[in-house]
Amino acid sequence: MSDRVTVSKTYKLYLGGAFPRSESGRTYPVTDSRGKFLANAAQASRKDARDAVVAARSAFGKWSGATAYNRGQVLYRVAEVLEGRRDQFTAEVAAGEGVPTKRAQSLVDAAIDRWVWYAGWTDKIATVLGAANPVAGPYFSFSVPEPTGVVAVLAPQQSSLLGLVSVLAPVLAVGSTAVVVTSQERPLPAITLSEVLATSDVPGGVVNLLTGHTAELAPWLASHADVNALDLGGAPAELRTDLERSAAGTVKRVLRNPAAEPDWTNRPDISRLRAYVETKTVWHPMGV
Amino acid sequence: MAETTTRESPPEFADAARDEASLRRFLHGLPGVDAVGVEQRSAGLATRSIKKDSKLWAIDLAISMVDLTTLEGSDTPGKVRSLCAKARRPEPGVPSVAAVCVYPDMVATAVEEVRGSGVGVASVATAFPSGRSSLRIKVADTELAVEAGATEIDMVIDRGAFLSGRYGKVFDEIRTIKAACGNTHLKVILETGELATYDNVRRASWLALLAGGDFIKTSTGKVSPAATLPVTNVMLQAVHDWHAATGELRGVKPAGGIRTTKDAIRHLVAVHEVAGEQWLDPHLFRFGASSLLNDLLMQRRTQLEGHYSGPDYVTVD
Amino acid sequence: MTWEYAPAPESRAIANLKPSYRMFVDGQFVEGGGEPLKSINPATEEVLAEVSTASAADVDTAVKAARRAQDKLWGKMPGAERAKYIFRIARMIAERGRELAVLESLDNGKPIRESRDTDIPTASAHFFYHAGWADKLDHAGFGPDPRPLGVAGQVIPWNFPLLMAAWKIAPALACGNTVVLKPAETTPLTALVLAEIIQQAELPPGVVNILPGAGEVGAGLVNHPGVQKVAFTGSTEVGKLIQASLAGTGKKLTLELGGKAANIVFDDAPLDQAVEGIVNGIFFNQGHVCCAGSRLLVQESVAEELLAKLHKRVATLRVGDPLDKNTDVGAINSREQLTKIQELVASGEEEGAERWTSSCPLPDKGFFFAPTVFANVSQAMRIAREEIFGPVLSVLTFRTPDEAVAKANNTPYGLSAGVWTEKGSRILWMANRLRSGVVWANTFNRFDPAAPFGGYQESGFGREGGRTGLEAYLDV
């Protein structure tokens, strides 16, 4: 056994492609499932949330405008890089979620596979959800799904990596951008994931990860006028109704999945892809 | 460009016809016509419901706009004479039509028959209907008709030249014929059924207007489709825009295929709402037709008598 | 020469107008417990009929009837059988098309030409289209056995009374839901004739219930715990209230709300057809259209020419008796709406926009507003930002495609947009960038049951029409 002292990591936010501390200067201690100190995480403030929305909005044009093939490659790249750091994630998941290493490993594997699954969807979802509309008249009419915009994701509280990936990847796959409030108690895999994202050709600002108190940050995102959709997944039960009401202020699309977390290892369907697209119908006359 | 010009292009468009290239640039620079859009607009106009006094008024106006036409190989002086009689007085109490329209060799007969009635004599010319002859023959054809007393010449354009993009040739021919016409009014037949697109109809209309045509006319009646409401619509828009740009009034004549009062009134609605009220005038709008007149007369009776009439109550000539 | 078109009114008798109408609950026409309302002909301000309205208890009765019908019959019925009922409705609407058209024009004020040629045929087409889906839902891409949601509470606006009822009811029924629908307070009549058709088509009692009334009936309906699905078409303001009030209930919601569509004309557009599209875009249905092209964005180089053509064309619009077959622009639906239009137009003048109003004659009675075009409008003015919902067009200019896109998207709404250019690649470039649920290129205001319709952002969410539209009525 080496007596070398390890270099411990400082966990920060992931915002606009950079890793800043919270503008508030706040941190909060993160422990493992037995209460042992793991690290200090940045405790994001409403201003960090605001900055994250700005970053996500400014990244939206380029990301939504990228070809689906390109987005697919980027998402696949995330899987590749994640694969390379499998052990690190396994350790973090095991520590954070209190599961045996073997279980943690299978969760990490599932998370990697999930990126691959969504990577393959980027250039297929328009085929599946789009249509040539057989209208009664001399027009060509077609419908295509287009990304909704900036999505605020309240990530699952329990499943710190697989759950996170399961809710984040579909946002990216369709070309929307994300502001994620990570699991409050188990934020470390999310921040490590952001290191993966930063080195996987995901453009800065496409994903922004805020660690901190979900209940503090969520209302600011739910009411933010430049947020187009809200995933209530990791919202505290007692806040869900208020957040949803608040989202109505700018007619946000709200993903209101049940408060109890699903089994994230189940094979996903395309409902999350459907949730973050808008169907656009285009008409043009046919004549000479 | 030909030297024989009887009408200078208005200053607004002096450059447009300077040479073949500028003519092409000008015509291809005109706004496009969206086929579905113009057909939809025409269908909308066709839903106008014209009733009672406004219908009677429209019928009388339509009668006064008819160029009563016979253009058959089987035409004889006798046939033309009876046509002229009908043109002069379609029915007791009904005003005369605008003109009769015949082949050049029938002009003299027609002129004789309509003398003093105010009814014009229009002659087709320029190797009607195909226009496939030399300019020399076309000029001679025109002169024949003019000398015989035609008051209006209905020329055909060289569609082959137009479709192959030789706009200058078409332009020059129109100018030359216009010169041969002297004071005789010139109607330029575009034969829209052969032009294939509304864009071409618009370009041909402007080409004819630039070259000095007094009227632009849809068709010879020998090609199907002949006059359709959307085509007339595009041409009415052209004379309207020409007027807006130059202040000059030019006319439109749909010909062929307009057989019923309903069709005629639909066209008049288009005249009214697309070109404008000013064009509700036989000097600026004509119907080239043969059987239309009888339907107008029948419908006129229906309006006046309050019951439906029948074909045996109007004359067949 | 002046050619006056003689009046050509459609016979009012065709409407079979009755002195009173009752609500339709559980297969029967019954008196409602609410205060009866009087439906007004907006073209004459005369009372057309008295209509019973629902009380809170009636809403409860209707929702329970719908629940029973869904549990016992409609939800279990094979899709092919459901389809046949819906096909019947489609056919019967077409059979009574003229009657419905005249009644719609009387009640709503829209020109008979539009109710006859657009509203009623499209309503019928909507039922016909969705009927065909009823036994094919397993092929719709929502899994092998998509289930209905249950009872749909639907609230519709007054601008296309029957058509909006069709947009709501047809997909709901096709997917196996039952319906409680509240028509708009000012236009309840055709929905109640539709109820008659539904009765004649022998739909099982309770499958469709129609409850006339004002806002509180709608609120009672959408908030009723027995409702699993809410669909609303109307103002963004009310849409937000509904979304807020449904928070935490888990009810599935779709909203089709307001708009402030940009109709963008490039210098290479087919100008004459663009003029038609602009006119259709803003004067169709008196501008009472959520997707109306209320902002004209025209490229500077053709602005003058286009405006001249536009003024000339708009001057030919005939405003007046909705029943006259030659009327292009009918009556504003209510005094309240007329006041709102007048107020916004006044703000346009105050803010310095240049007003042009058609000199067409207006009837002495009734609620009418002459077609109006504002030039020199800037993005900051209220008439460029707020939905006027009337025959009022705001004209702005742009120089480059990027500027056009930026201005078009510069609104919290996102329902529709128009693009006019002869350049194909530009159309697709623009269509890709415009943040709106519908993009009409070289056309405007086209609707078809096979083509999904709905908004981005504050224009709502969910789609109506097409395969996509089924999602709103399935538990997926």
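Here are a few things to note about the model shown:
Note that the chains are named A, B and C in the order they appear, and that numbering of residues resets to 1 at the start of each chain.
As a convention for this text, a contact is a pair of C-beta atoms (placed from the backbone, for glycine too) under 8 Å apart; a residue touches a chain by one contact, two chains touch by 3 or more.
What you see is a predicted model; the values in this text were computed from it and never measured.
Chain C has the Cα centre that lies closest to the mean of all protein Cα atoms in view.
Two chain pairs, A-C and B-C, are compared here, and A-C has more C-beta pairs in contact (counted per touch definition above). With respect to chain A, maximal separation of chain centres occurs for B (centres as means of Cα atoms). If you average the Cα atoms of chain A and of chain B, the two centres end up 69 Å apart.
With each centre defined as the average position of its C-alpha atoms, the distance from chain A to chain C rounds to 37 Å.
Rounded to whole angstrom, the centroid-to-centroid distance between chain B and chain C, based on C-alpha atoms, equals 44 Å. Each of the following residues of chain A touches two or more other chains: 139, 285.
Taken residue by residue, chain C touches two or more other chains at 442-443, whereas all remaining positions touch fewer. Listed for chain B are residues 34, 36-37, each touching two or more other chains.
On the side of chain A, the complex with chain B involves touching residues 138-139, 285-288. Within the complex formed with chain C, the residues of chain A that make contact are 128-129, 131, 133-137, 139, 141, 143, 148, 225, 228, 240-245, 247-251, 253, 256, 269, 271, 274, 278-285.
Note for the complex: chain C touches chain B at residues 1-8, 113, 117, 268-273, 276-277, 308, 312, 316, 325-326, 422, 442-443.
Those residues of chain B lying in contact with chain A across their complex are 34-37, 39, 196-198. Residues 31-34, 36-38, 40-41, 47-55, 57-58, 61, 237, 244, 268, 272-273, 276-277, 280-281 of chain B touch chain C in their complex.
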